[in-house]
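Down below are the structures I want you to see.
Paired with chain B in one complex and with chain C in the other, chain A is shared by the two complexes that follow.
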Partner chain A sequence: MPPHQHHRMSTVRERASVSYLLALPATLWMIGGLIVPILFIVWVSFWTTREFALDNPLSLTHYIKLFDKPVYLKLVGHTVLQTMVLMGITLVLGYCMAYFIVGKVQRDGRKYLLIFLLIIPFWTSALIRTIAWIPFLGVNGVINQSLIFLGLIDEPIGIFLYSRTGITLAQVSFYTLMATGPVVYVMRNIPPSVLQAAQCLKASPFHVFWRITVPLTLPGILIGQLLVFLNVMADFATAAAIGGNKFAYLGNLVLLLYDSGQLPFASVIAVVMMVCMLAGVAMMLKVVDIRRLGAL
Partner chain B sequence: MTTTPEQNQYDLELKGITKHFGSFMAVGNLSLSVERGQFVCLLGPSGCGKTTTLRIIAGLEEPEKGEVWIDGRRVDDDPPWVRDFAMMFQDFALFPHMTIRKQVAFGLEMLKRPKEEIRRRVDETLATFEIGALADRKPDTLSGGQQQRVALARALITQPRLLLLDEPIGSLDFSLREAVMLELKDVQRRLGISFIWVTHDQNEAFSLGDLVVVMNHARIEQVGPPEAIAERPRTRFVAEFIQGNNVFEGTVESVENGNARIGTPSGSFDVPVEDAPLLAPGAVVTFSVRADILSTRPQAEHVNRLEATCNAVEYLGAIRRYDLQLEDGRSLKYEQFRSAAARIKEGERVSIGWRVEDGVLHASPSAPSDEHRA
Partner chain C sequence: MHWRTRQKAAKIILGGITFFFLIFQWFPLFTMGVLSFTGPDDGTTFPMRSLSLHWYREFLRDSFVDDFKPPMYRSLVLAVICSVTTAGLALAAAQAMRSRFAGSDLFFYLILLGIMAPGILVGLGMAVVARVLGIPLAWYSTTLAVHLVWTLPFGLLLLLAAFNRFDRELEEAALTLGANRWSAFWRITFPLVLPGVIGAALFGFTLSYDEFARSLFATGSEQTLPLIIFAQFDRQLQPTLYAIGTTTTVISLGMVGLFALLFRIVRRRAQTTSPGVN
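Entry: the complex of A and B
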């Protein structure tokens, strides 16, 4: 599209003062509901006492505590590692699903049915979905019973519930769709003729996939991975419900500190998570230009 | 050129190709042979099967029946990436994420040519198609004409025997088309390879094709050089699809001396029977007469006569086209060169005549088409 053509979305003239008014409610909402609380958290993270006071002396005490104690750094490491594992699994699973839905399912009706089936679990709340995993994972749960029925094991094994495996299983089921959705969207926008042109230029299916499909769906892959990254980093409910009290990630630590009234240190952890997430977003944006996603 | 017995005479042969989409027949028992270095235009309305035929040649569609031979090799079990051809798509199908240099190199990279050779041939090709200045740009920054050149360069760099083109200038600005057509024709002559060019535009087909294949409803209606298609339309469909024909429908009254007398609502006319010796009185037939072959000053040889009134005049560049109304209310087209002195005014009454041999009797619609050898 030549640069001088702009889509006209409304009859409001660009730069007319009324168009700023339209943005006002959302702006106020964002400032009051997001920006101010975040600044507040940052401020609290520098507090030295637990009580609220405007003239609270500020210091780096709690930041130093975080980096001083290996147990906290280990928790940061576990959280990042768990996020990486989830990103890896959902990348492969999600991409395969997207490729199947877009590339192999011929009829549009079936495509929509499959996407619909993927979305159904998200009609219930995250908490219920998490709790629903417990009967599956327990010692007498569905997985153990099935394995016994199939004769693969003789007696129930305890590796599913209250384990990292269980947490990972549940999280994969929650977050794979986030990796799939953006890839489906981007892949659907690839004109079939582009793939056929590659075939006509003597590219085998393997080369068509690596040289054409993957590069063209890269924006979708990255957006999906970003969503998984942000959600797994922040996920504490899954670890709490399925990990019992044996496993914790940064999110659980925030909750724990908050419950015990250690607001400044809870804020420090929140700030550290936020910095990790923003760094992740910044890295993704370096590679893919979100504004150009629709223009493929 | 010496011809050895093993050397194949055809760049492309299609034998009895049939393809359905559901219950819709896209291509029905189609056979076509293309000799070396021919420019072939598949011409027909949308849905006639011309693009499906092209995609079957490419291997992008699988026919249920029939054989595809490219350069003397049977390929209908081969996937597209094994067949020896190149293809240009209507939307050019450039790779959005690759620079022009990368696109053009793609075919050679897939053929696993040495890096040095790829670099040299890409440079040559970019120069030949005058797109060297675009080498480092992405397709979305190019104009339609530039994209078209890139698509052509990308297709031809692998030096195929056959180039398939699906409405290759359909998405270009009108003003560009003439120049691009001439250039493509020039490229085809220079390389000596065969072009199979799909179009619904008869002007494209007639000005480019050594051979024009007119298709309708999944079948070939007529194959021949442009002059033959224009002057001797084999079927009623061809006569009506190719502009500039007057089509009459009537009943055979008698057959004498190789001519049939055909009674139509507008009168009775003599038409040579030629290829239809078994024509019997009572048969319903159609025939056509070219609008530019009619005479407004009939002589003795113009035995077929009509009276008409001029309805309207159209100026089409080099020719003037008249819409004449016959006494039975039907209309008749008459064309003359702009330079012709005998102009007709609107409302004027004219006598129209044509010679027996100017009429072309059509094969009946149900008659099976002969095998098309080009």
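Entry: the complex of A and C
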């Protein structure tokens, strides 16, 4: 931005004191509705007893419980594994769709139509969309009926409902949007002249894609994968509805403990979840930085 | 293979993937809509032996409606409050960020944290705060608090985009011609960024109306619509749930359509009339 633009007139002056006043309500709301609750979870996770007293002595009692039974650590493993599977699927699927919509669809009208068809379910209830998957997955469900109709199987197979396959199918349909959206956004901002310049210099299409398109869309990929990672890590509703009581992830354990009144232990699991998330975010940032250096 | 053929093949494959995914994404919703008209003796999946409005009538039966009406009302009121608050706070926050005040970067990240923080953590945290401090959980206080944390970041991003695009020279002209900042903002700036405000309101409404994870922990005994649907689903899956699901989905889609219409009208107006003249 040229320097003179900093001194342009505007309805809000540079560093005007009124801007603090304008930002105050949002700041207070975010602190009260997000920061304080998270800090309380961390605090309560160190409580020694279940009693509700502000002077509850602090200790690692409930953290030690985590290692009592292998079940808890296994659950952490299952949750991380499921998250990684979802990240892999949504990365490929989401990138293919973004590349098609931005790079291959010529007419603007069709482009917007596809983007809208992709986004609209985001504005409907995730819970209803989960329930809508049920008639597909059962032994007599739509998937089994179609497979029999197509002659691919003779007898209905029970791998869909109350199974990891079913949960994964539903999650892919919910979360791929989060991987596609940021890539579409970033890809639309790549000036066509950059790609044309590379083509003029006789770069092969694959080279243009791998050395220019992918590095330039990396921020979009990163944000998308971050959203998928955080959401799948914390998802409990899909497993609760489609997995029956057979499959659980960390989120389901938090809910179970909360419902049975074990607030400190529920908080411990929530903290474990948060630590996994922070570790994942830190790792992703590192991986992307290294790749970016390689691409340049 | 010639590169042109190869590119055509890539287009067909990628298009196929996109097409397949869109069907995959929309098909369950359509199927639920179709199955909601299943006959009274049919189950929760195909085959449908007859068509009927049985499950909608079942849904409208007194005992059922008495259960569902109050949550429906609460969800709608909550969504409207959340919509207006999101639009208002996001507008103020975006206008504040234009001044690049000290700490505005930190402020931006604080709000973005609302998208990143998973619902289950925010909801559990609010429940813990309420229990420890002795605040009663209620849909109009604690639930609203956690819903807004989720909707505000979307509103802010939309408004920052709107402020990035709008023609600052119109604002400058008004100020040069002697308008004070207050009237220049409301008569010039606000109408120009109104599409962004409408977008923020849409996110505020639909995300709140459909929110489940945050509400599950932060709402007291007076439940919202997604909560009572989940409770019903937990008890027994009946085609009644398809009827309810189809109804609420139609409401959600109707709201999206309404906002899209409003968005078009406002944008056309901003393009055709020169603001400030009237």
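Keep in mind that, in the parts below, the second predicted complex is superposed on the first by the 268 of 296 C-alpha atoms of A that agree within 3 Å, B and C clash if a C-alpha of one lies under 4 Å from a C-alpha of the other, contacts with A are read in each partner's own complex, and residues count from 1 in each chain.
To be clear about the criterion, contacts are C-beta pairs under 8 Å (C-beta built on N, C-alpha and C of every residue); 3 or more make two chains touch, one makes a residue touch a chain.
Note that the structure is predicted; figures quoted are calculated from it, not measured.
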#### Entry: Fit or clash - chain C, chain B, common chain A
fit
### Query
Does chain C touch more residues of chain A than chain B does, or is it the other way round?
C
### Message
Quick check for you: in the superposed arrangement, does A:Val275 touch first (chain B), second (chain C), both or neither?
### Response
neither
### Task
Once the structures are superposed on A, label A:Pro215 by its partner contacts, choosing first (chain B), second (chain C), both or neither.
first
### Query
Is A:Lys202 contacted by the first partner chain B, the second partner chain C, both or neither?
first
### Task
Check the residue A:Ile64 against both partner chains and state whether it touches chain B (first), chain C (second), both, or neither.
neither
### Task
Could you look at A:Thr176 and tell me whether it touches chain B, chain C, both or neither (first, second, both, neither)?
second
### Partner chain(s) touched by A:Met283 [first = chain B, second = chain C, both, neither]
neither
### Task
Considering only the touch criterion stated at the top, classify A:Phe40 as touching first (chain B), second (chain C), both, or neither.
second
### Message
Output check: A:Leu263 vs chain B and chain C. Expected answer is one of first, second, both, neither. What do you get?
### Response
second
### Query
Touch check for A:Val194: first (chain B), second (chain C), both, or neither?
first
### Query
On the overlay, how many Å separate the closest CA atoms of chain B and chain C?
7
### Task
Pick out the shared contact residues on chain A: the ones touching chain B in one complex and chain C in the other.
204
### chain C - residues contacting chain A, complex
3, 6-7, 10-11, 14-15, 17-18, 21-22, 24-29, 31-32, 35, 43-46, 89-90, 92-93, 95-102, 104, 107, 110-111, 113-122, 124-129, 131-132, 145-146, 148-149, 152, 156, 168, 171-172, 175-176, 181, 184-185, 188-189, 202, 206-207, 209-210, 212-213, 216-217, 226, 229-230, 233, 237, 241-242, 245, 248-249, 252-253, 255-256
### Query
Which chain B residues qualify as touching chain A in the complex?
58-60, 79-82, 85-87, 89-91, 93-97, 106-107, 110-111, 140, 154-155, 158
### Task
Provide the residue numbers of chain A that touch chain C in the complex, in ascending order.
8-16, 18-23, 25-27, 29-38, 40-41, 44, 52, 54, 93, 96-97, 99-101, 104, 114, 117-118, 120-121, 123-129, 131-136, 138, 140-142, 145, 172-173, 176, 204-205, 226-227, 230-231, 233-234, 236-237, 241, 251, 254-255, 258, 263, 266-267, 270, 273-274, 277
### Task
Within their complex, state which residues of chain A touch chain B.
191, 193-194, 196-204, 207, 211-212, 215-216, 295-296
